[in-house]
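Please go over the structures that come below.
Next come two complexes, and both contain chain A; in the first it sits with chain B, in the second with chain C.
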Partner chain A sequence: MERVLNHSIQKWLDATLAFDTIRHQNHDAVLASMESLEFPHSKMEDWKYTRTQKLNQGQWVLQRSEVISDPEFQAVSSVQTQMRSGFFGCLNQVAPTEAFSLDIAPNESFDEPFHFVIKSNEDWAWTQPSFELTLGEHACAKVVLHFIGKHNGFCNALLDVTMMEGSHLDLDIIQDNDDSFFQILDIRVDEASKSHCNVLTHTLNGGWTRNNLWMSLNGEHAHAALSGFYLPQDGQLVDNHTVVDHRVPNCTSNELYKGVLYDKSKGVFNGKVFVRKDAQKTEAYQSNKNIMMSDDATMDSKPELEIYADDVRCSHGSTTGQFDEEALFYLRARGLSALGAKQLLVSAYVNEVINRSNNAEVVTFVKQELSARGRIIADEV
Partner chain B sequence: MEILDEITGKDYEFGFTTNIESEKIPAGLNEEIIRVISAKKNEPSWLLDWRLEAFKIWQGMNEPEWAHVHYTKPDFQAISYYSAPKSKPKYNSLDEIDPEMRKTMDRLGISMDEQKRLNGIAVDFVMDSVSVATSFKEKLAELGIIFCSISEAVQEHGDLVRKYLGTVVPRTDNFYAALNSAVFTDGSFCYIPKGVRCPMELSTYFRINEAGTGQFERTLLIADEESYVSYLEGCTAPQRDENQLHAAVVELVAMEKAEIKYSTVQNWYPGDKDGNGGVFNFVTKRGLCDGYKSKISWTQVETGSAVTWKYPSCILKGDYSVGEFYSVAVTNHFQQADTGTKMIHIGRNTHSTIISKGISAGHSNNSYRGLVQINSSAKNARNFSQCDSLLMTDTSGAHTFPYIEVNNSSAQVEHEATTSKIGEDQIFYCLQRGLDEEQAISMIVNGYAKEVLNKLPMEFAVEAQKLLAISLEGSVG
Partner chain C sequence: MIEIKDLKASIGEKEILKGLNLVVKPGEIHAIMGPNGSGKSTLASVLAGREDYEVTGGEVVFNGKNLLEMAPEERAREGLFLAFQYPVEIPGVSNMNFLKAAVGEVRKHRGEEALSAKDFLALVKEKSALVELDGQLAHRAVNEGFSGGEKKRNEVFQMAMLEPKLAILDETDSGLDIDALRIVAQGVNAMRSPERSFIVITHYQRLLDYIVPDVVHVLYKGRIVKTGTKELALELEEKGYDWIKETVA
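And now, the complex of A and B:
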């Protein structure tokens, strides 16, 4: 069937044609929904601050990723992720390059985290991994998704998390990409009543990173915790778009994103908190803090609240500034070098986010990695 | 209960119409209409060309849809763009004013008569499309202050108007600014010369009277070096079930060390309890802090209008310039407000403060939308923003859309916002002390908005407090 598509996305779709081993169960509907889409550009509110030209100009070749995972992750050939409205989400669903699912049975509880490492190794490699996590009632698990992107590749990943009543998930995302690597990660979490989800995005490095995180609180007494940090340098870009959708009463959410921006880097934060009409007794907190290390860096922050219920406690805050001169002076006076003093302050600043992870293994790993790269000073062991 | 009935009965006390014969041109918008308006006002050719150019720009623009408001778009061809009271357009003295008009002013509480002259407020009164009276002109002229309607300024101070018109809000700025530039009919003009501190509050009172018209006024205020002026603006409209359009442009220019304090009490007709009628208030207000240490302060109390779309802004171009925005926005019934500010930091060591208090009642929606932009040249820029929302009912909504763009490392930007409901314990406490519920709410709301109300000139602060109480009448959730 011939479809009328916006010319800006036609070439992207043409490039997916060779890949048809894995199919989304609503493949045709996804394709149909793309008829109204165009390639994201800065006139779209969601892409106002994030430039996409370079990504659009890439000579991408769709291919499989290299995957190293715990055996509990099952490869699937039919994808059932929820349909997305954005271009890149749909693009992933049209042609996933690999798809995995992890089901935790009801009442199962695991202390050891499940690891999944996705690697892209070649120039112009374009990968589209797709994941589905399902936690049964009162299940409890820790999951680590570790993205490693080498050279100038592009990874357009998508993840759906479905949490049943009383389940508990700690999800740590580690993004460790090269300076010329592009990554988009689209996550959607649906939480039933009394479930508890803690998502932490560790953006260690990457040329161009865009994270969409949508958390929907569908059952009472559910809790969502979202956090992330970013330390972009040179000409890197890190963009975090989050939505917390309070659909029912008595839910809580807590969001904390912190960034340190070096050189000519750019940071974007857009956090939305919706409180639906009947979602009384909601408590929602959102905070975005940024430190500017260079005059050439840019930070665009947009914390939003949309509230339609009256008996709620909601607050958000955003700060952008620099390190306290006095704190730096104090450390210098105690013999630290200019660099050391800044590193120490950055460590303290970023640790607040890293320590929100309940996965001790990840916390240690991330701190060691950052410290080995001279970004922070690791804790004394 | 008697008091309650009494107050609820007067939910919009300015809803009357004045029976003054007026001259109205046919509805519609085209080049010909613009030529007619320009000719009626006996304008110089440069202004007509300027208008026509604006009209061309407007034709190429689309009505903005990004605001968090929903309404039926006005039919721009169904509006009459010029309506003026028919009786003698210019008055030599205030005694000559049409008695009906005098009555209108009295009912609006505008200080036009001798006894109120003691209050010391100079007023420019704009009804529909024209300015009908300006008081205290001579006294101000002694100090070199020019305060008159903009049509008069075009005739008598053409050079000044030509030099500054459209410099802060260019015709290309947005849809409504372009429309206003094409069809504006009157408004106020004010020039404060170097080193002069304006001895009295200057005030403009706007009123839409005719049905089927829109009001498109233009205000231009220039404060020369080291001058100071405090300017007040009030607005009302009759109660009608049609939606009337008000699309104004206000431009302020503050030179070196000048200070402009601009206060608005906006009380356009908000529509009835079921959301019928009311004024669409689509306004572009912007101030340019052009010189070193200049300061512009916006204070607004927004209680009226069915739909409000308004972002009084400051461009902080001069080093050490200061921008302030204090706002209380109350929405009740089916009102919708999308309001806030833009602070554009260009100069070094520029400071801005934003305090916004939203109160939503009934089925209304109240949004704060603000932009804080720190350019890379704005070293050591500082911004503090606080946006609080108070929800009175579970059918109303409160929203915050702040945009923060920081482009250098020495800037400090803080934004915080909270949303909560009026405290039941607070109301209980007041009831315990013998207040009734309405009084209790009025008191709590006034306390909540105090930070902003304190910034208003005294005469306005009293009016604003009463207005808050009336707007929230019967809104207890």
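And now, the complex of A and C:
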């Protein structure tokens, strides 16, 4: 059958043809769904603030990532991730470059984190890793996805998380990409009743980063915590799109994203909270805060609440501004340089997010990395 | 120590200091009193380098250097300390990290070696005992959730850690009960030395019972209009400021 695809995506699909070792179980359906899609552009609501031209112009060559897992994991060859509606999610599912599936059996509990390092090492390397994570009833785990993108590459990653009743997951995402690297990370979390998921996105660096995180609360008394920080500099872009979907009563969600924007960088935050008609007694909190370190940096922050239930407690807020001048003066009056004072304030600002992680190793690692790069001052004494 | 000559400063269009002269020699404690709005806190702010104020005239020589040309942090490193009237709460920044950075900068400026973690902690212990500051407070965020008294004690604690040459106490007694006042004064007195000077800004004579000044000045409408000994403070306490205002008028 001849497919009629929008010409803007044809070249992307053509580029995947050589890569068919890993197959999505709904491959044909995914391809069919792409007939109605076009390459994302700024007239689409979801891509209003994030430019995609440079990504589209890349001479990308689809290839494997280097994945180092601890404990060691075998890649799988069949993928069952939920179908996505957006272009990049579908693109990943048409041709994943590697796939990992982690199943935590019911009642199993791991103190040691599962740590995946996903590396891209070459110019024009285009990788599409795919992860599926399932936690059985009352299972408990910590997972770290640590992306390292070198040179001028593009990583289009996908993760599905399925949480059964009473399960508990701490998920830390570390994004540590070069200044010329592009990354899209699309995460979908489905939570059954009494499950508890804490997702934290540490965007340490990267040229162009777009994160989609969709958390769906499908069973009562489930809790979703989602947070992230970003410190873009030069001409970097970090875009976080989140959705929290309260589908049933008695669930809670707590969201905190914080950014510090330097130079000519750009930040985007778009956070949607849906509270469905039946989702009474929902408690949903969302906050996005940004500090502008330069007159040339821009931040587009768009919190959105859609509430169809009447007995709920929800709040959302977005602030974008400069540092408190009083605090800066106070620190300088004690001998700290203007730069040192700002660094100390940035550290405190960002630490509020980092400290929401329950993974002590990640907290230490991230603080050390940021401090070694002069971005924050590590805790001392 | 410090020599202030004909200092004039404004905030916006309003001139607040209108030609202020003051000389403080090493080891001296000078009290500056005066009615509300006379310019006391402006003087403290201008000396510490707060950028909201514009200096429109005069000069300030601090240990032979032009103070007004220095950034706030250079003044601090040169040995000037301002105990804030309203210490700022800085959520998330621990007192310890802050102090370690501050002490590090000041020591570096003096050409001293950085303190080891052990020596730093020993110093913290010694100096916080001076103002009876709970050890736990040192580990909390800067001034966050501190009571009024704790904030002021924290100011004196920081002063003791930084060992300045000149300390300016801007209404450190305001909002203190009698016990806290005694503790704060005790901290200051422990730091008196022939090399260290203090400028104590206050509304009330009460503080000066505890921190006994060598010289008392009355600031009124941006100028020092009367200078005397500690008995002047007692006289002000008794008679108020009206007789001074009449004399000046």
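FYI, the second predicted complex is superposed on the first by the 376 of 381 C-alpha atoms of A that agree within 3 Å, B and C clash if a C-alpha of one lies under 4 Å from a C-alpha of the other, contacts with A are read in each partner's own complex, and residues count from 1 in each chain.
By our rule, a contact is a pair of C-beta atoms (placed from the backbone, for glycine too) under 8 Å apart; a residue touches a chain by one contact, two chains touch by 3 or more.
Remember, predicted model here, so these are calculated numbers, not experimental data.
After superposition onto chain A, the partners chain B and chain C occupy separate space and fit alongside each other. Contacts of A:D14 after superposition: neither chain B nor chain C is touched. Once the two complexes are laid over each other on the shared chain, residue contacts for A:D234 go to neither chain B nor chain C.
Contacts of A:S347 after superposition on the shared chain: chain C is touched, whereas chain B is not.
By the document's definition of touching, of the two partners only chain C reaches A:A338; chain B does not. When the two structures are aligned on the shared chain, A:A327 is found in touch with chain C, with no touch to chain B.
In the superposed model, the vertex angle chain B-chain A-chain C (Cα centres) comes to 80 degrees (nearest 10). Within the superposed three-chain model, A:G317 lies in touch with chain B and out of touch with chain C [touch as defined at top].
Once the two complexes are laid over each other on the shared chain, residue contacts for A:E304 go to chain B alone; chain C is not touched.
A count of residues in chain A touched by chain B and by chain C gives the higher number to B.
Once chain A of one complex is fitted onto chain A of the other, the partner contacts of A:E35 are absent, as it touches neither chain B nor chain C.
No C-alpha atom of chain B lies closer than 15 Å to one of chain C in the superposed arrangement. The residues of chain A shared by its contacts with chain B and with chain C come to none at all.
Of all residues in chain B, those touching chain A in their complex are 66, 68, 376, 389, 391-421, 477. Of all residues in chain C, those touching chain A in their complex are 48-51, 71-73, 75-77, 82, 84, 87-88, 90-94, 96-98, 100-103, 105-106, 109, 117, 120-121, 141-142, 158, 162. Those residues of chain A whose C-beta lies close enough to touch chain C in the complex are 324, 326-327, 329-338, 340-341, 344-345, 347-349, 351-352, 377, 379-381.
By the touch rule above, chain A contacts chain B in their complex via residues 45, 49, 277, 280, 290, 292-322.
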